[in-house]
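For reference, chains read A, B, C, D and E in written order, and residue numbers begin at 1 within each chain.
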Amino acid sequence: MSPVPEPDLNARAPARAPASAASGTHRPRLSSLGLSPGKKTRLKRLLYDHGPGGGTMLVLPIDQGLEHGPIDFFPNPDSLDPRYQYELAREGNFSAIALHVGLAEKYFAEFAGDVPLILKLNGKTGIPSDAQAFSPLTGTVEDAVRLGADAVGYTIYVGSPAQDRDFLQFLEVRRDAERFGMPVIVWAYPRGEAIAKKGGKESLYAVDYAARVALELGADVVKVNYPVASEKDAESPPPYSTLHLSPDASFRKVVESAGRALVLVSGGEKIGDADLLRKVRSSMDAGATGIIFGRNLWQRPKAEALRLTRELHAIFAEYAQPAD
Amino acid sequence: MSPVPEPDLNARAPARAPASAASGTHRPRLSSLGLSPGKKTRLKRLLYDHGPGGGTMLVLPIDQGLEHGPIDFFPNPDSLDPRYQYELAREGNFSAIALHVGLAEKYFAEFAGDVPLILKLNGKTGIPSDAQAFSPLTGTVEDAVRLGADAVGYTIYVGSPAQDRDFLQFLEVRRDAERFGMPVIVWAYPRGEAIAKKGGKESLYAVDYAARVALELGADVVKVNYPVASEKDAESPPPYSTLHLSPDASFRKVVESAGRALVLVSGGEKIGDADLLRKVRSSMDAGATGIIFGRNLWQRPKAEALRLTRELHAIFAEYAQPAD
Amino acid sequence: MSPVPEPDLNARAPARAPASAASGTHRPRLSSLGLSPGKKTRLKRLLYDHGPGGGTMLVLPIDQGLEHGPIDFFPNPDSLDPRYQYELAREGNFSAIALHVGLAEKYFAEFAGDVPLILKLNGKTGIPSDAQAFSPLTGTVEDAVRLGADAVGYTIYVGSPAQDRDFLQFLEVRRDAERFGMPVIVWAYPRGEAIAKKGGKESLYAVDYAARVALELGADVVKVNYPVASEKDAESPPPYSTLHLSPDASFRKVVESAGRALVLVSGGEKIGDADLLRKVRSSMDAGATGIIFGRNLWQRPKAEALRLTRELHAIFAEYAQPAD
Amino acid sequence: MSPVPEPDLNARAPARAPASAASGTHRPRLSSLGLSPGKKTRLKRLLYDHGPGGGTMLVLPIDQGLEHGPIDFFPNPDSLDPRYQYELAREGNFSAIALHVGLAEKYFAEFAGDVPLILKLNGKTGIPSDAQAFSPLTGTVEDAVRLGADAVGYTIYVGSPAQDRDFLQFLEVRRDAERFGMPVIVWAYPRGEAIAKKGGKESLYAVDYAARVALELGADVVKVNYPVASEKDAESPPPYSTLHLSPDASFRKVVESAGRALVLVSGGEKIGDADLLRKVRSSMDAGATGIIFGRNLWQRPKAEALRLTRELHAIFAEYAQPAD
Amino acid sequence: MSPVPEPDLNARAPARAPASAASGTHRPRLSSLGLSPGKKTRLKRLLYDHGPGGGTMLVLPIDQGLEHGPIDFFPNPDSLDPRYQYELAREGNFSAIALHVGLAEKYFAEFAGDVPLILKLNGKTGIPSDAQAFSPLTGTVEDAVRLGADAVGYTIYVGSPAQDRDFLQFLEVRRDAERFGMPVIVWAYPRGEAIAKKGGKESLYAVDYAARVALELGADVVKVNYPVASEKDAESPPPYSTLHLSPDASFRKVVESAGRALVLVSGGEKIGDADLLRKVRSSMDAGATGIIFGRNLWQRPKAEALRLTRELHAIFAEYAQPAD
């Protein structure tokens, strides 16, 4: 079932064969993104030099300790120690690990050079209400430069009544990133009391809108959730309220809305393997550049996580494209 | 019906013949605006060197993906890809295209030099309530300079309870624009719970007030909606509550309130061609400098959009004036 | 009825004869105000070199388009064009014209050197509620310096629940004005839900308090309304609730509270000529330095406005004092 | 009754004889306060070179025009003119006069060198509710340096729900004061809706807490009210709710809580002379450094105020200590 | 009962014998923390050169005067004078004393070099509601450097609706600390209306989450409360709602969540000695680095406090490890 050999941690990602003409055709090419030399240099490391390569991205996030609390580590107690995720990222040959400054300063040195770092720049606890969700800065682009990161991550809560502060905060991040040639990955999350009344945060309306907002505001990469159809879609504005697209078509719509922002699919809560892999293929077929899966990987014992990682590598190999 | 030849994209806007004495007499002349050399240089490009020329302006905005979401692209699926609007702007010989920093950084390079850029500097999603509308910055005047833009756009929500933050934010934009010689186009939009109780955002009271606010705050150009009479006008303060002006007279009133700020008419939602062209003529007769039409153009197939564009060029030619 | 010859616009204000011992005795002398050389130089232009001179001030404000909207220009349609007020200020030999940055940048050049400029630095629309009134910056002291202004104007909404932001904003204006030697004229306006419960914004309690606040915060000149007695005075704190002063005595009280801040009387809404001139004499007798009348002047046809202006000049001549 | 000769305004404060061992024993010595040279130099002027001297302080505040309005000047109409207080401070040989920047810039020059200046840096009107009391800056430490002040005054509203903004604003004042060697006098006032429910702003609980807050936040001198026992004390947290200390013991408690911050007692509203002098002795016995009395002094005719001032000098002489 | 000799205040902390293999095994080693030279130098002073040494920390906090008011000093009136705690820290050979800038500037000089200083950088009064708890800055990292402090303390109210301002404020502190090589100790306190509904601030859910937040945000040391099981745990999210861990196991969980942030246990309100010492052993067994006990120490007479301190030293000696 897993046609790919175990990754060799000491080796760089191999040069990939050209992708079949049929796959990944919607995926924007790195050379088409209008990137500055600094951004291109760093993104190329994530897309070609680490992880599955071939222009794809496999990212391991570990910011759930802040967003949800240690609660997420119960299914796999080993995962409470951040070294677990770092080791998984190295052994599983991930394109990058994404986390906040505290976990970078205290744990990254041992893995520096082996695992690229995406410094997550804002976050919040899940304790207060999300009605007016806003995610304050926990780090800066300068921190990312100092720590040798290859990208920064920023959460925009699209549709939150606090969008004014959010956009202004992001503006400074984007400008610093421009100044330092640091790629910006936007976690584009619909959130807040207003979106809840228009079909909810998982609706196609919400996810589609979020992808476009990230593009317009200057994201280089956008992380989106896979939209989930439900009867609440009827509360979305038309024509979303009556679209009834298939999951594949829905996600393709989102990728198109993201335009020249590369798309990463969020894993979300842990789901079954078959569903997970179907979601990955669907995403990559639609033109996604990769995935950012946390709980679906590190909530398992490491051997099992690595087995799944190998399956992901195998899938990604089918979508590999040579660097341009 | 369309007496104007198809625009030649490789050619600069031709020198126009003097306008007839009867047309456009209310339109302020560029030389009367007290502009700095930088502002004059850039505005001249929009008014004479690109687009219909002769002191008129035909602007294609594409910020609806942020303001309304991808929802606006359903009528013409091609329009979801920002290249569609860029190409339309080039093929239709528009005076400029107006959009946010993300669409500029990712797509403008291919069109640079062909289509002047108006960098829209603030925006918001349409998801939360507009009761206290405020549009946070998404870009800066420095971004505009860096990207080679010829003007910046800024939305002021006139009458919003958040006007204090809005004015302060605009102050910084205006000062930076002064410093860099960058023309400022103000989207002067009445909005918020207070205006809703005084006749609504489309009332003459509201639009007229908005035009004057833009002038007093330092706009070089002001984009206004064409006021719409309704029974809600009775809730406007006197004498607006009982004015009952014709549409033409209403708009002429607005242009006069804008004083030496050049006036662009907003297209608003898509309407029928006859109504649209009547609105354009009415506006230009009243002294408007041009139009800024988005959905009415790119929600059509390109051939149809270009046909309409040619009609607009033809009308504008009637209002052309030589540079002063 | 008008003993003063029409002002000659090309001439500087003539040196005035010493005032009679009886008039204007409460008015502070320029030399007693502890002003820096820059402030003194500029104030002297307004008090002696332009307008009626002799230490008096006749100011034409045109910020109503922002504060009230174009609504104020209906009584005299010519007044919608800012050139109308500029011309009136020049032809009527006013001490200065007071307006926002937009009207300065677009219209002042033609009148520069003829009519001194007071750049109004903050303002707001009258659309939202005044319960928590706050007037955000529309310009800066640096703008005033750049534009050749001789003073800046700043509105403090005394007693508003937003006074904290107001004081802090004014602090920066005052410090910049100190740095550049620019006189500060404070529009001291009682406003907001709290003052409404203590006798209202026109009560002696409110106006008297406002004058003192301007003095304590560092105003060089303070613009106040003429207090209006009403039955609502009973809601003012004692002893104001039972004072029952005559209008003359009320205003004299306010001038005393303003101390060494020169006092300008606000015109307010348009009233009859006899009432207006009585108000002027009462104010000057009480020690006011001058008046700042807008609607009472430019809501009339120009000939009528100039006739009234000549009457004002005649009155002011009675209160003229030689420069010290 | 007044054993002290009228102060000679041209003389410096005389060197005092050592205090009796029994008096003022709780008062911290200047040398024990860990002050920087700049702070020590300036405080020494207030404690030894001006006013009653001998390490005591007699301060005349005149910020009531801002805090309460001109209402406070009715009992003695002369007091409306700030020169009245300046002259009283000079004739009465006060240690300093405390006021806002406007009264300093417009009136201080004439008294500079004769009367030390304490520049009050924040204030507010008494018009809106005090439920969330906050006192915004009206001046800066730099203003104080420029004006030749020997200390700055800052009001902290202890217990106000706005304490977050207050502490942050004070932080900047304290740091600037550190940088310029400028002593900081904190008006430590319990205020706001929360303190109102815990015994009120005059309770021992409230005043005692306020004194400690000033010490912890870095005050050099703290101005407190004399606590007033009432049945509302029962609402204070235990053990305050059942303490029932005598006035003397209550105030001694407050002085102890202030630690090495010198204590000034506030005069508050005008009270009878006997009560006033008893309050002064009680305070000085408890270890206070001096008093800051406004209305109790300048709400009287000057002759009467000077008579009372002489009595205060006489009392202070008993508590004089040589400089250390 | 106390096997340890009285500490000699003139001596540096003695070199400790290696710890038994069984104790303190969970405690992170200084060399594993990825600290900059400045941070390591200063932390080493607290862990090895002062106090019980051997990599442990015994901290005396005295910020209760600000957080709770002088109310906390009633049980031991001597404790109202900050010298009491300074002397206790010196005589009891504490690793450090933790307090705000006012108590440092006014009292620290006499103890400088003897007792290391932890400058507490933010605080608030306990007077207003804690529903939206936020602790504003009272000092800066620069203050800490200037005063010779060896660490800074910062309170994060985890889960407060004001977390956005809190995180942003902490960000600046963390960055300044990075710049100056100053260790950051985070008081990680669950607080606010949201946590109150999820089991309360003492629940394992709350304390565990708080520890992780401190780690992710970049704390070098985290101060936590010992979690207290109660029936309110049922309101915590699963699995916390049904965990029912022993106190020892609960605290071990918290230490693990803190990862490479060293853990200090908070003393909280005064409890019996047996309970206190049991809590200390439990904490140290779980991998805590030390304790930060205030009221449990200085609310006693000094002799008694020193006796207890000796017992604490004795316990800590069992957990001593050589410097690495």
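Just so we're on the same page, a residue touches a chain if its C-beta (ideal position, glycine included) is under 8 Å from a C-beta of that chain, and two chains touch if they have at least 3 such contacts.
All values reported here derive from a predicted model rather than from experimental measurement.
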| item | value |
| --- | --- |
| Self-contact between copies chain B and chain C, residue sets same or different by half | different |
| Between chain B and its twin chain D, rotation from the CA superposition, multiple of 5 degrees | 145 |
| Computed distance of Cα centres, chain E from chain B, in Å | 60 |
| Whole-Å gap separating chain A and chain E, where each centre is the average of the chain's CA atoms | 37 |
| For chain A, residues that touch 2 or more chains besides their own | 165 |
| In the complex, chain C residues that touch chain B | 63, 65-66, 69-71, 74, 80-82, 99-103, 105-109, 123-125, 127-129, 134-140, 143, 165 |
| List of chain C residues in touch with chain D within their complex | 33-34, 158-161, 163-168, 171, 174-175, 190, 192-195, 198, 205, 208-209, 211-219, 237, 239-240, 253, 256-257, 259-261 |
